[in-house]
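Take a look at the structures listed below.
Shared between the two complexes below is chain A, which has chain B as its partner in the first and chain C in the second.
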Partner chain A sequence: MNDRRRVNGPPGGTRPPVFQSGLQSSNPSDRPRRQRQPAELRKIFLKTGLIPSASGSAYLEFEPSASLAANRSNPKSMIPPSSALKLTCTVHGPKPLPRSAAYSPNLVLTTHVKYAPFAARRRKGHVRDSSERDLGVHLETALRGAIIAERWPKSGLDITITILEAEDDRWWGEPPDSHDASWGIMNVLAGCITAASAAIADARIDCLDLVAGGVAAITEDVGASHSGSGRLMLDTDPAEHASILSACVVAYMPARDEITELWLKGDSSKAVLDDGDSRQGHDALIDGAVDAARGSYSVLSEAVKESILNAVAHA
Partner chain B sequence: MATSLPSVAIPGQRLGSVAAYAAGPGTHIQQANIYASIAGPVVVDPAPPKTQSKSTLRVSRVIPAPSRGTLSGTSQKPRYNTLPAIDSIVLARVTRVQKRQATVSILVVLDESAANSDPSKSASDNDNVASILTSAANPENHSNTDELRFQALIRKEDVRAVEKDRVVMDEMFRVGDIVRGSVISLGDQSFYYLTTARNDLGVVMARSDAGNMMFPASWKEMRDPVTGVGEPRKVARPF
Partner chain C sequence: MATPTASAVPAAPPSLSLPPSQFARLQPHAYLLAHLSPPPASNQPSIRANGRAPAQFRVTSANSGSLTHTNGSAVVRVGDTTAVCGVRAEILHTDDIASWSVSQASSGNTHKRRRLGDLGGKPTEESDDTYADAQDDEDRAHIQDLNLLVPNLSLSTGCAPGFTPGAPPSSLAQSLSHQILSLLHTSRLVRADDLRIWYQPPNLGREDLERHNEDEAMDVDAGPGAAGLSKPREIKAFWVLYIDVMIISLAGNPFDAAWASVLAALRDTKLPKAWWDIDNETILCSDDVSQARKLSLRGFPIASSFCVFDADAAAAYRAVVIPKADEPKRRGFKQTWILADPDGYEEGLSQERACLVVDKESNGQGKTVIVKMEKHGGWIIDTEDLRQLVSMSAQRWDEMKQILEQC
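Moving on to the complex of A and B:
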């Protein structure tokens, strides 16, 4: 559905046009390569309490991949080789339910995830599309298990996430249909979960634990010595991998060792694990995602602690 | 079991065992341990002496001010997301007066812990009603439409404790008055229920027909200082 009340931008991509002559850099050897260890995460920036009018808020940013930094110092193309996640989360409430709503003895959670029109290489409209609604439902599931809803009767909590820069689904130099699934959305969801948990803690809503999001994927790199085998990678940047076989997002509560949301996509049977590792592919994938979530939890807990210590210092 | 308590806690952080403490607000119990459920300073409320009860462990929503200001009216603590609960004292603005009931919208839920610990201060919050209502630290003030505030009803029989059947709502409240009330029920889907049937509850701020701020003259009358005209109200005890 098109929004006719606003002057919309062009429906297509907003990146600068790429002419064929400029595309000589788009040969496969220029594909950004993962320079991290398989179990090494990107750095995360997370800060709470940036939006004064909201009862809680958080801003999250992933460190751009090393390939992006290299491209900036030595640009081969006007198009950055990959993008890094940036998003803001606001929490409004607890506030009264609308008059039409039925009595609820619990907190009613509503989640909205919206891409900024310029967030992805393909421009997004002002109306939420199905992938954004899907993200909202996944996020709600992830948070519902962590919030102690019965402490807030008759009230609603609105969680709004604006994605300022989304992860790419694939490297831009590839033909548009070369990947079968949108892998970037899984990184986005993991970021949403971590940021929303920080914002909820900032709003002082009772929670069982902080929930952290983590992503792991089984990837197959073109030109790898052992083709046809998948390697387990944590916190994958989809632009850095020619082929992602399967990926998994978890929302994980470390203090209780519980998973509140699990999203697994693709074929995890081709995973090649270390010798002596007898796990199934999907087990290894979920364990990897939990490890990634533990990593982002360390940032999350520090951010929440820092905000409360700042508040105490300025009281 | 003498583990030291952290000064601040984050959600999911283990604070102590239920054998040593009782769980207070801002905590929850999981497998016989007390865990923090909000981020904030950890406070131990010692058990009342000569009782068998354990001291209560809670995580405060309020950041404690390091030094109390001498002006009690200006040193307002920020309040966070307090929901009206049964017996909590609220300040509300009258939005509609009908024959059987008055509709009010709740502006502030007063901090009951402060009121309980120091009764001399709670009695004097008449003086700083204005500062409570205008304090920018109140997140409630950011929601400046009635749709975003919790609505409540004061039924005719809950206005005062005596002569309940002689109550005329028009002589108790006017639209725009600020009322101090106590929550008696969470009510139905849309309204809380308040009572003003106590001496310290009722109208605390009101404007006259002429538009001047009135002062309380008796338990049932407020007077305009400029014109000298009195108007009937259910007045809260001013001190």
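Moving on to the complex of A and C:
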């Protein structure tokens, strides 16, 4: 089917480049290593108010991992070792619902997440695919619990997120037939939640609290003596871990100690945490994700404070 | 009784006056006009509502190469308009081109012979004019017919309230994508030679003979026998550049920002070394950065847009036109202003637009070349004005070149 509203490429289609080094079985030692402590988060850059035509906006960027930073300062390979999340979020509204819409006593929230075509290792299409729609639904549930919706009857709020660079789902050198869950989407969701919360605060929408996103995962050491021994890691970059057993993303409101969205993937039931941790797998995961969310909350609150100070200075 | 009325009279005017921001929304035309034509007594310069002089462009910044999964990328910010461009290269095999074998056979031997002569290296455009002319035709044939450049611009990023995300591209986005595509084609910015992936079939140990023939083919019209001896190298694939522009923030004049980001991203683009692997029957690439090469772009076209603000748009319609009469120059009492790099507010108040894309020959030292000139929506800009706009665009070219070369 041809999209007549866009400039289309060659009708026969094109193929992504195949790298010679990717054909040979790649050396597992080339895999980027996690340089952070298990409980250490990546730095987050978060800034609000970059898009003046929107009522609220935010830009979020994760610090590149050590391997990516090294490849960027001293480029050796055309294949990037890992990637760092970059996204923009805009909030338009509250605005009156169209006449045709049904009556709603609450603020109607619409979330929209779209990857840029160049965001991921594989070129994304221009039309939203199911994973992007899924992200939008998760984001909506995360935010709906925080917004005091009954203050804007018959109004709508549009939240649009454009992902300029997504997280990898796995290491690129993994054999192409290895079937693993798409872990990167969880980091993306955590970033979306934090950025959207900042943008909503920038738009001066009343909320119960700021919502921060956090990710934790139980990873398995490759050289472990017995299988099932996992380690709890916060803010995992999937490219850096050979095997992720289970991962969890939460949207968390620190002031009320409430979780508005919880998404747990993988099997954490068999995981036995080492270093004397007797918690169940999923308990540890949720606690870890909440800790990660607390970390991103500190950045989020600073960004919102800055946004308010700016507004006061301009008023 | 007198005291309360006296105090009430001075209190009344503030309740009727409006803050400037509200006046700007209620009476946008009058607001901009008041800025541009201040009362002569006030001795103020004519200035736009956004504080710029009519010929002044917005502050521009650019940054390139920050996106990981692209071959080249750039962010350009012109005032509050932000464009992010990512260039992604993919491979188009000649096997996947339906008409490839037919079109190659019909294009004749002349091309093949010239390609043989071209083995040594890429001659520069300046060195040989006739060569360049012939190459242009071939460039156009390959880049345009095979759609090797695929620019798409997206406005559904929440950049402005009017564009609903998720909907198909608006007509503005479609028109901007198409303008970028046609400008890429007409400016011949990308060389088709950079996008070709060649394959030299091995000649079974007759290298010396081949070299000899190749030298001969340059000056002597080689006979069919000689051509049969040396196997000509053939094109096995092309690089296709997917150029995606996301307008992150829209505050007027998206084309200038989008085009600048495309140019900066193409300047940043690196294509890996690629070759035809006969064992796998596919194209393989090397991931070594030192073997990758940058695109060699033709020229440095820079777009600058203008809009015309008319104090009384209906005056021209009402005027009595006497043919051949000595029309008094309306500029005596200035009624129209040409505004450079309009923001969203000014764009909404003007009908007539002009867009100029200029380049300067020999790296800024030579004369100014107009790559594209577009004017529509009215008849206020005349030849003299256009001349002035070209010189303004040339000044803008110097400015933009400095910004884009530093990023």
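Things to note:
Here is the rule we go by: the second predicted complex is superposed on the first by the 271 of 315 C-alpha atoms of A that agree within 3 Å, B and C clash if a C-alpha of one lies under 4 Å from a C-alpha of the other, contacts with A are read in each partner's own complex, and residues count from 1 in each chain.
Everything that follows uses one rule, which is that a contact is a pair of C-beta atoms (placed from the backbone, for glycine too) under 8 Å apart; a residue touches a chain by one contact, two chains touch by 3 or more.
The structure presented is a predicted model; accordingly, all values stated were derived computationally and were not measured.
In the superposition on chain A, contact of A:53 is made with both chain B and chain C. With both structures placed on the common chain, the touch criterion links A:75 to chain C but leaves chain B unconnected. By the document's definition of touching, of the two partners only chain C reaches A:162; chain B does not.
Touch criterion met: A:253 reaches chain B, while chain C stays clear of it. When the shared chain is aligned, chain B comes close enough to touch A:153, but chain C does not.
Here chain B and chain C are compared by how many residues of chain A each touches, and C touches more.
Residue overlap on chain A between the chain B contacts of one complex and the chain C contacts of the other covers 53, 95.
For chain A in complex with chain B, the residues that touch the partner chain are 53, 55, 93-99, 101-104, 148, 152-155, 201-210, 253-256, 301, 304-305, 307-309, 311-312, 315. Those residues of chain A that touch chain C in the shared complex are 5-23, 50-54, 57, 64, 68, 75-80, 83-84, 86, 88-90, 92, 95, 112, 114, 116-121, 123, 126, 128, 158, 160-162, 164-165. Of all residues in chain C, those touching chain A in their complex are 67-70, 73, 80, 82, 84, 86-93, 96-98, 146-148, 150-152, 154, 156-161, 164-166, 168-169, 174, 177-178, 181, 240, 242, 244, 246, 248-251, 270, 272, 274, 277, 280, 282-289, 292, 344.
Partner chain A is touched in their complex by these residues of chain B: 8, 10-14, 26, 28, 30, 35, 37-41, 61, 63-66, 80-81, 83, 139, 142-143, 147-151, 186, 188-190.
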